[in-house]
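All chains are identified by letter, namely A, B, C and D, in their written order; residue positions are counted from 1 within each chain.
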Amino acid sequence: MSDLKIAVLGVGMMGADHVARITSRISGARVVVVNDYLTDKAEAVAAGVPGCRAVGDPLDAIADPEVDAVVIATPGSTHEKQLLACLEHGKPVLCEKPLTTDVETSLAVVKREAELGKRLIQVGFMRRFDHEYAQLKALLDAGEFGEALVLHCAHRNPAVPPNFDSAIIVRDSLVHEVDVARFLFGEEIASVQIIRPAANPGAPQGLQDPQIAIFKTVSGKHVDVEVFVTTGVAYEVRTELVGEKGSAMIGLDVGLVRKTSPGSWGGQITPSFKERFGQAYDTEFQRWVDAVARGGTTGDYTDGPTAWDGYAAAAVCEAGVESLNTGLPVEVTLADRGSIEGA
Amino acid sequence: MSDLKIAVLGVGMMGADHVARITSRISGARVVVVNDYLTDKAEAVAAGVPGCRAVGDPLDAIADPEVDAVVIATPGSTHEKQLLACLEHGKPVLCEKPLTTDVETSLAVVKREAELGKRLIQVGFMRRFDHEYAQLKALLDAGEFGEALVLHCAHRNPAVPPNFDSAIIVRDSLVHEVDVARFLFGEEIASVQIIRPAANPGAPQGLQDPQIAIFKTVSGKHVDVEVFVTTGVAYEVRTELVGEKGSAMIGLDVGLVRKTSPGSWGGQITPSFKERFGQAYDTEFQRWVDAVARGGTTGDYTDGPTAWDGYAAAAVCEAGVESLNTGLPVEVTLADRGSIEGA
Amino acid sequence: MSDLKIAVLGVGMMGADHVARITSRISGARVVVVNDYLTDKAEAVAAGVPGCRAVGDPLDAIADPEVDAVVIATPGSTHEKQLLACLEHGKPVLCEKPLTTDVETSLAVVKREAELGKRLIQVGFMRRFDHEYAQLKALLDAGEFGEALVLHCAHRNPAVPPNFDSAIIVRDSLVHEVDVARFLFGEEIASVQIIRPAANPGAPQGLQDPQIAIFKTVSGKHVDVEVFVTTGVAYEVRTELVGEKGSAMIGLDVGLVRKTSPGSWGGQITPSFKERFGQAYDTEFQRWVDAVARGGTTGDYTDGPTAWDGYAAAAVCEAGVESLNTGLPVEVTLADRGSIEGA
Amino acid sequence: MSDLKIAVLGVGMMGADHVARITSRISGARVVVVNDYLTDKAEAVAAGVPGCRAVGDPLDAIADPEVDAVVIATPGSTHEKQLLACLEHGKPVLCEKPLTTDVETSLAVVKREAELGKRLIQVGFMRRFDHEYAQLKALLDAGEFGEALVLHCAHRNPAVPPNFDSAIIVRDSLVHEVDVARFLFGEEIASVQIIRPAANPGAPQGLQDPQIAIFKTVSGKHVDVEVFVTTGVAYEVRTELVGEKGSAMIGLDVGLVRKTSPGSWGGQITPSFKERFGQAYDTEFQRWVDAVARGGTTGDYTDGPTAWDGYAAAAVCEAGVESLNTGLPVEVTLADRGSIEGA
């Protein structure tokens, strides 16, 4: 009945946006604590939110008795320690991807949560909350396409920050398509191959862009993904599912207004992930807040991707980075889920 | 800082949806009082909202000292009295259309508000908050189409309740297009003509459906509207603006998923106004709540259509009902806005 | 078996294109005679076609014993005399619209042909042969939309020649939509009203552009047409048919290639009627040639719009020009078709 | 000036359609001889075409002095002998794909033609004449997309004849995409890999369907192709070109009429290659006939894919069939074009 009181760790672009989201765009929650390694930034954000204070140490923020739940939007390298602290304090946490930065620590987090017997961790794969993906999944589950057979994905960014290297493309961009494939097909990815086409002349020297990723799922379904992050065009995310009884495409990005101008017809195209997935983030947060409210009863404080989903994505990406060097398929080996979740 | 405390008058389909909207989908407001002439219904709705009670008389609800602002979702015939009460108590009010049921009382409300020197009334023409209309308006105002010249509108419902008669089509359906034309063109409508084509064989006996409305604005711009409320198809609202430098269409309703099935391609079409304009209602309410919060300072408690907009729409619809009988153009005469607002 | 030998009267832009069409793009016919009041032009065209000669007088061309059939692409004012000559010589003729320049002479031509008891005249309303209109008509006739109720048309040109006046817009542009409405609905137009919106600032001084035409058919169906001939955009022809069981739109002009460029998606839009209706002209001519080949047996040498269609269009346009001045609906009065065709 | 006199070898579905095409849909050519191993069929087809006779032996048809040029629509196994006969008699020939059934004999044909110093052979890759592919190629060559980087293709048939096996999918279906990739990129394919996803449950037992083909061109460009020939849906051919400055898609198959029906919007989808590529075949034949007419002067009797294009496609498909077994990339080795064409 009373608002869920949230600590937001990390108030960079994403974290600050989450603070605004919780404060102004969803109901049932408010931000009471913010934290950032840049303390000035945290103070400034706190000053703009009624009843919110800045806390200097993320672990103090997690432990704070006023805090009911935690949002992690800090750099990935700090996630492991923060997630484990949330688990120790029994606090529900919505953690931006990646779960952690490597497979081993991701698995450790999965196991620790399993030992507690409560699902406290949700990973921020927000596409599952996007109207288009959700409707595609619903149609698929309703049998509209028969058995799903093949998935074609394209993930295009107009540009990337200067620090991006070829492996970051796998870990930061491709990782979303990993979750999409696992979400839509409902099964794990068994192998991954990264093909290196001739690079975009406009890409920074040394960056392998575009990349083509090929996934094979455990039942043999095929997924291909074009990841191209220096297109200079727009933020384009498109998925085509091919099934036994028909196919479907999302992300054609037809826009709101169809214009006719001298010589041409068409519309505007989404400039960035904020326009494309703003609704998905809002929905993700509202539904997470609602799930946390129910969690005391159910023991399940998530409404979406779990720690396992974060771990599995990490394992596929690690295999992808290996394949980036050889161009050959690399097998993905996962821990035995049953034995862990039965723990 | 603390939530705006709202009374919702009328908890039929629309009012109940507004209660849920304020409670669960927007931030900064909550419902503390509900009222309905069906007291059981009001009690039931109140029971589902923490901290909310049912009040038996709408005027008591308006007067209630706990109530900061009012939402009117009662039948149109009760609006005049309730609006005047809100004005007397100085309470901001979001009133579902129509403002009142006739031109005379609408004008009386406009004048009373003007005398108070505060804008307390917002009328629920929610399309102005729809992403598509908003973007079309923004492009137009940015000069993208040069001068606007012509507007083609289609308003189609799959079916209407049994009580609908030919004049209700004008007052309840066409009225939305009246506001759209005034909003996009930014000027008043000078005359209206209703053409009566051969009726849909599937329409109830005696119902003039479809109807074609022709508006001429004060500067001579042309608007035509097809209103067709027994299509059996879906809820379709489409607008094409033709300008000096190009044209634009909204409402093609391309849907989220483009499917390919044996023999055909396409997608789903919006079944009702709830799917089509759900986002618009949410945005309308969030922005109204935010405007009310600012109103103490600005004296303007609205973020959208004003009482004047409600009055002007009533005047156009009254002329439309007259033309429905003759098929000839009927002039629309409005009061002198300047002398009223200067009051 | 041997090629149909054709005389083409008038080798301006349209006529010269028809010569090329018969020579290189359809089978079963060739041009043996060309005529133009500019004899040099006729000589030049003839020189480019093997076995073709220029003839100085159009009536000599029609009478020429080598000539099996005639294509009239001369100015409208000369059509009456040329059509009557074709009828006297019993030669099939494909006549570009208008049939003649006024209702009276059009009717005279209709009556003369009826007296001969053979259908020798086809009028060049080529849209009936366009793939899109033909498919829309086929779907309608197959019952896909139930009863047709309303038709919305838009006819837009980027620009018109300097001699265009407001009445020419009715006679030359609107006339195509007259035939489309008669073709799709399969009934006559009973009244026409031309509405004069505020003019496009970019239109030549004194030109009423855009114009809005309203047709009512004999059974009461409604048609509205936006004719806008100085858009500066492209050649756009769009038709939406609204029926009892659904609606359909043609002419969205989605083009062949869907491009994604920085900031926008879309495609090219058709620059002129040649790109839009080139296929329709080819199909019209091929089918006319085939119909003429069958005509000796059937007595019907046409595969499309007849002299009556040309006459009816003239009657609607004459009423339209009258309405252009008053803005009021003008009734269309047609001769009694049964008594003429029974002649 | 007089019509090109053509012999059509093979009057099965394709050959009979070509006879109709030459006779009724293009100008400047007629069929004087037909041949088929089913002599009754050849007689029947000849009977329907004025001035056409059936000849029992394809080599006699080629040698016939009345015959100016030859169309080969016989089974692929007979092509080598027929093509060599055409070359010996110096007769232009339009040969349906494949050029021959293996790489070695294809190369032999290429070399024999090169020795003659005339381009007499055109291979029937008709997609190059399709409006959509032609416009995409034109935009690409005009620099609209900058450098071409990646090509995504989908080739879907509703069903295939019972004799289809996994290798035939490569040779008969994939081969079209081989030519499309070579045509658009303007370079040879250096390696091919066939991935075998889990098969469509609806496909015949043992048929590897769908298949995913990956091409790498000599400059490193990436092409992926989904070939899926038992979709049960329609004939779908889609190509997306991704370039340095934007991307473009053809084959979305939006159809002619956009329908709105209860609950859905959309249109019809192309049932077979005849509707999809009928125009391309007509254009191909008209332009070939025109090219042959010019050939006496230029020594080049083709207007499209040459014998080399047939040979290169055969080499890629042969590598594809090899990869079908292993799933690994297979290099494509081509003869030295310069030394052959310089011969």
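The criterion applied here is as follows: a residue touches a chain if its C-beta (ideal position, glycine included) is under 8 Å from a C-beta of that chain, and two chains touch if they have at least 3 such contacts.
By chain, UniProt protein names: A, B, C, D = Inositol 2-dehydrogenase.
All of these numbers come straight from a predicted model, not from anything done at the bench.
Asker: Looking at CA centres, what chain is most distant from chain C (Inositol 2-dehydrogenase)?
Answerer: Relative to chain C (Inositol 2-dehydrogenase), the chain with the farthest C-alpha centre is A.
Asker: Could the interface between the copies chain A (Inositol 2-dehydrogenase) and chain D (Inositol 2-dehydrogenase) be described as same, meaning over half of its residue numbers are common to both, or is it different?
Answerer: same
Asker: What is the distance in Å between the mean C-alpha positions of chain C (Inositol 2-dehydrogenase) and chain D (Inositol 2-dehydrogenase)?
Answerer: Centres of chain C (Inositol 2-dehydrogenase) and chain D (Inositol 2-dehydrogenase) (C-alpha means) sit 38 Å apart.
Asker: Centre to centre, by mean C-alpha position, how many angstrom separate chain B (Inositol 2-dehydrogenase) and chain C (Inositol 2-dehydrogenase)?
Answerer: Measuring from centre to centre gives 44 Å for this pair.
Asker: State, to the nearest whole Å, the distance from the C-alpha centre of chain B (Inositol 2-dehydrogenase) to the C-alpha centre of chain D (Inositol 2-dehydrogenase).
Answerer: 58
Asker: Where in chain C (Inositol 2-dehydrogenase) do residues touch at least two different other chains?
Answerer: 232-233, 245-247, 254, 259-262
Asker: Enumerate the contact residues on chain B (Inositol 2-dehydrogenase) facing chain D (Inositol 2-dehydrogenase) in the complex.
Answerer: Listed in rising order, the residues are 158, 232-234, 236, 253-255, 259-269, 271.
Asker: Considering the complex alone, what residue numbers of chain C (Inositol 2-dehydrogenase) touch chain B (Inositol 2-dehydrogenase)?
Answerer: Those in contact with chain B (Inositol 2-dehydrogenase) are residues 146-147, 149-150, 152, 154, 195, 197-198, 200-202, 210, 212, 214, 216, 219-222, 224, 226, 228, 231-233, 242, 244-247.
Asker: Which stretch or stretches of chain D (Inositol 2-dehydrogenase) touch chain C (Inositol 2-dehydrogenase) in the complex?
Answerer: Residues 1, 23-28, 50, 131-132, 135-136, 139, 144, 245-250, 252, 254, 256-262, 286.
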